[in-house]
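Structures follow.
Consider the two complexes below, in which chain A is the common component and chain B and chain C are the respective partners.
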Partner chain A sequence: MGEFTLKAEPFLDRYERDFGSVSIKELHQQAIVSFAIPNGCETKAEKTLNKVFGVACPKVGNSVLSKDGSARLMRLGADQLFCLLSNQQDTHSAHLVMNQKFGQDIYTTDQSDVWVCVEVSGTQTRKALERICAIDLHPDHFTIASIARTTMEHLGTIILRSAENTYVLLSASSSANSFLHALETSVENTM
Partner chain B sequence: MSDQSHRIAGGLIDRSETLEFTFNGTPMHGYLGDTLASALLANGQKLVGRSFKYHRPRGIFSAGPEEPNALVQLRSGAQQEPNTRATVAELFDGLTATSQNHLGSLEFDFMSITDLLAPFLSTGFYYKTFMWPAAFWEKIYEPIIRSSAGLGRLSMEADPDTYDKGFLHCDLLIIGAGPSGLAAALAAGASGLRVILADEDFSVGGRLNSESYKIDGVSGSSWAKQALAELKSMDKVRVMNRTTVYGAYDHGIFGALERRTDHQKTSFGKPRQVLWRIYSKRSLLTTGATERPIAFGNNDRPGIMLAGAVRSYVNRFGVTPGKQVTIFTNNDDGWRTATDLVAKGVKVTAVIDARNKSASTPITGAEIILGDQIIDTAGRKGLRSITLKSGKVIQTDCLAVSGGWNPNVHLTCHQRGKPEWNSDILAFVPGGILPTGMKIAGAANGKLGLSTGMVDAVAVAQKIVQDLGQRPASYDIPTSEDEPQSGGAIWHVKDSKKRAWVDLQNDVTVKDIQLSYQEGFRSVEHLKRYTTLGMATDQGKTSNIAGLAIMAECSGKTIPETGTTIFRPPYTPIPIGALAGRARGKHFRPYRLTPSHKWAEENGATFVETGNWLRAQWFARPGEKGWRDSVDREVAMTRASVGICDVTTLGKIDIQGKDVAEFLNHVYTNAFLKLPIGKVRYGLMLREDGVAYDDGTTARLAENHFVMTTTTANAVLVFRRLEFARQCLWPGLDIHMISTTDAWAQFAVAGPNSRKLLSKIVDAPFDMSNEAFPFMACSELTICSGTPARLFRISFSGEIAYEIAVPAKYGNSMMGALMTAGQEFDAVPYGTEALGVMRIEKGHAAGNELNGQTTALNLGLGGFISKKKDCIGKTLSQRPELNRDDAIRLVGFKPVKSDDLLLAGSHFITRDEEANMANDQGWMSSVAYSPTLGHSIGLGFIKKGHQRMGEIIRVVNPSRGVEIEAEIVSPHFYDPEGGLQRG
Partner chain C sequence: MIINHPLLGPRDASEFVYLGDESLINRPDPNSEDADDRFYEYGYLRDNPAGDLRELWYHEQGDRSWLVVTRNTLTHEITSVEMARDVAKAKGRDK
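Showing the complex of A and B:
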């Protein structure tokens, strides 16, 4: 060990609060790796992803858990996916691992620190999100595992419905405090 | 407590719950279910306000949102809200209401002298009178007019309530929960559609609550209650009462205001109102119709009301507006008021039908007068009598007037839909281009009968169900009857010699309209603006058609030939607070923090907003007297040893793909095709028109992997522009981009000791030597025992310098580590001010110079436009006008007198010319006090600047009244050869 070591500080200081019928929690150990599929290599890339994660590549607007449940693939666009890996002690090594696995088949970028990752859950979650989320979250429309890019209170956000009443929200880490304020206000205003 | 002198039996109010309130300090009471208007009437309070222009006594005129008269101030202190319509204000216990627009008491308003001056205050009075002398405009006329204008008063305190916004989605938005809306919602809901049913009233049912209709054998209000219960049992149906849909926007989007706590004394910390954006696949307008008055002499006295409103007060609120009510009508509907009042035991003195039509219904105890009209009324603060054209005088304290019904077409006009005239009902019905996906049904569509309207609404709803690909469920249309609706066209009583009000809210009379026509205002829109007809809170809901009809009479045309005004959002007033929502104070907009923000806060930083970012501007130390002391020290210590600055805010774009180098060659003016791996290059971008757009550096980390930096201000714009280029201009190239601005905490480490400092934290075996890692080198590495990092050998300050990046989560810790490692070198943190000073000393262009007006040539970067390749903006950058011999050039300026301070924004004038626009030679874009040089320095653009070194020019700043002399010098004040940064 050298003279200096650095300490990772979560963007919301491991925020966790139970409001009753809604809970908000920072998922601070979430590694996020962006996958970009090279032009003309879509089939090859999808095969590679299937091989690595044991599941078929999801369609745009959807996500899928890897066969072992350790990773979630979110298809953001025709040539772009995000891979979310939970409970990572070192969120940055995930990118290196993926990079080694894919080589030039898929371009990878570490996105772990671009986003603050927040889980909002509870029976009243949808009611609270109505106040800031412009997209239609009706359960018939935004089914479990659906994802969407949208904005909340002017902040770019990726929303994932991970369970019946659970949503995972990704927003820019630099504005994490404003994003949390927007969420807290939404919950408090609808309790 | 006052006596409820006008309360009668019946109604939908809950008499078990008494609500205390005050009006102008007088305690009164009402019941749950009352509006403020109904409670005031119940307490015998007829006079509720003063008119806008003439300060004439006014009473309650309607029972809904169309109210032009009964505008009051609700609540008190900071929560005081002016211009609230008493007819839609829900009564609550503890409500405080006050009248407005009077000098002195409501009863004795000194400003009512204006009524005596009415002959001199004709329409267009301001325009005609206050023309001369011009010197009086601002100092005399405007203060007088402003002080007497307006209605209510703001509290001038910050609004203590909170507001919110939200988003809703549905298959079908039904606007209006009257009989048609309820029937349509039941039909659509039963078919499985996601329905939102919105109504501005606190009680759904619309006119059903005000009428004596029967539906399916029960009272209309009971049927509405049953319908509501059924709708609430449908999980895809959302009923939103107290919600006004105020605007129809593009693509089926509507604006709606939900009043969540206006009916309570306190909001208990919750938002008072919520402004909803509703996304609908289809919408159905079932907003019903609004009754219109007839204008006749002195038709504005308290006690003169719309006939349908009188029915509402009697049937819904158990209140009679008068003890001896007279009805004046030109249609069958007016007679219904008489029968309903008689049924409730209210004395009807007379029914006057302007038509020569025999009475359709016997009215017990009332005198029936046919073919006559009212020409005048009496009673200053409350109606006492009316005078008929025949000369007959009738003693009465309430006059119910019905001139027919106008469909509520407001929302159909919001995308320029132009209503069409329907001669059957003598009213405009929706027409022209309707908002996307909108259908209209019921009375709003001109189908005024109850049964007809409900049948129409269900049919339209079921058609919508089909349009949305679903099968309509069977739905039994409730049984009801159509009431008689025929009527005649009487807009105003022509034989009336007295002032007859068309627009009660703006005090516009029949004569005003005739005069404006006479004065040449032929367009309805001009008429509206000249007379103010149809403006303010009611937006002419009871006056527009009559105004149009009178104009048609003047022109000898028909009403549809004369035209119609169309409506714009909002349907009813929306508080500014609701529009602002949460965006107040600190949360007016999101803010972004740099990774080392916490460290900076703990170490005395003063922050500055740069876009959304909060950046450390300088770090004050004890004993420093002002910001200049801090900045000068930070510059001096950086140049002397080493300084550290968080530069995370610069845009970072990760670009990967086989064709990135080619792509960069297209978007940058200079060559990138052969940029070696491990090297950084400065790049300049142009707009398509050849003007400089943005600059930054791009590093090649691997064969197919580049990292571009942009200016802070243009981070998003450049990314967007690259995406456009990638997707639209060169879609065949293999390029993939993603923003990594927030991914990396990036620090500039600058100064002679920067290498030594960084050597302490980089992990072995990374070689920091100048040979191994020279100027413009870049590398991925690890630091501080394994943390991934990126190192760039670039300099903005002109010193030997680096930018080192670590994952953002380590940013705060990294700043601490750098400072600790730098202790032995007296390392100093520096902020944006010192950063700016050093870049000006070095002569680097920044946002002030890349301002959207300057070219590469102007910036002294003409050589950066490669002659060997094309790029965005190259062709148009070659336009002769942009390449004139006397084009402005970026140069440096130093004051002739070293104590003078240069001012940014100053203009350059030659010594022998007058300081005016014609002689303007250019402008100063950036200035700083250079602690390195000991005097003020500036960068600026001046004609042929590069050929004028050493010339003395005048630096003129007329807005600050400052003029000094300065010498034109090289923009590179510090180390012009660049030896330091390469060292």
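Showing the complex of A and C:
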């Protein structure tokens, strides 16, 4: 039997395109780990997260960068967070590392292959996104570091506002190209 | 229709899936003597009020939480939204 190794490729082939005042870029080498908080262990889990990441656990609908800036914690619900880690050579080992740190306080699962990660930035970004996003993206309401799990063009999406005019979007990797098409179309329609 | 999620704020009804009467939280005890009758009622019998109805909605395209939504079946006005886990715990359930 021949010896070979399989190497995962980015879902959108490292897509990057400027549309003038809006840029779309696939973020690859992102490890995504889901944290599930056991029923009734919320306080204990929040203390563990504080100890491991050096920051207070965010409230539902918010995110926070770890003290060393290497991880972003996104609180999706009362008992679930996603952890986004950038520049990971081996995206699949991240959840094992976390698992060792958490013990039984928090359950982890590797989500890296489940989601395509896209960054949309530029001054006209909100104009393009608000056409296809089901939530209110007004800057007074959806402030920097806010996150939401919602839909864009009927596709399930997690949206993070990472900077003034920059948004990070996660959607199912199995429909990555449809999601990109929806984004491109909306950007082109608002140019 | 907008559902005012207790944790996330106003969300469009398209993000949710409707299940039905809130009474589905009250699953009968399968070990009770009248379990057959209770499960028949649980599975098939529903009130159909013209007015306020407490319903279970699932936030599938959101935080995956179950909500108890009080909705007027005549006007569609929503007067109350609660986390189903809180409602269940208030009834003595552990989750």
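Throughout what follows, the second predicted complex is superposed on the first by the 189 of 191 C-alpha atoms of A that agree within 3 Å, B and C clash if a C-alpha of one lies under 4 Å from a C-alpha of the other, contacts with A are read in each partner's own complex, and residues count from 1 in each chain.
Please note the rule applied: a residue touches a chain if its C-beta (ideal position, glycine included) is under 8 Å from a C-beta of that chain, and two chains touch if they have at least 3 such contacts.
Note that the structure is a prediction, hence the values are computed from the model and not measured.
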item	value
First, second, both or neither for A:66, with chain B first and chain C second	neither
Chain A residues touched - chain C or chain B, whichever exceeds	B
Touched partner set for A:39, first chain B, second chain C, both or neither	both
First (chain B), second (chain C), both or neither touched by A:181	first
Touched partner set for A:134, first chain B, second chain C, both or neither	both
Chain B versus chain C as contact partner of A:149, first or second or both or neither	second
Chain B versus chain C as contact partner of A:78, first or second or both or neither	second
Chain B versus chain C as contact partner of A:104, first or second or both or neither	first
Contacts of A:114 with chain B and chain C, given as first, second, both or neither	first
Touching both chain B and chain C, residues of chain A	39-40, 80, 134-136
Complex contact set, residues of chain C against chain A	7-12, 14-15, 61-65, 83, 85, 94-95
Residues of chain A touching chain C in the complex	39-40, 60-61, 76-78, 80, 134-136, 148-151, 156
Contact set on chain B toward chain A in their complex	162, 164-169, 194, 270-271, 274, 277, 279, 582, 587, 589-595, 598, 612-613, 648, 654, 656-658, 704-705, 732-734, 736, 738-744, 760-761, 763, 783-785, 787-788, 806-810, 812-814, 817, 820-821
Chain B contact footprint on chain A (complex, rising order)	1-11, 34, 36-40, 79-80, 91-92, 96, 104, 107, 109-115, 130-136, 138, 141, 153-155, 172-179, 181-182, 185-186, 189
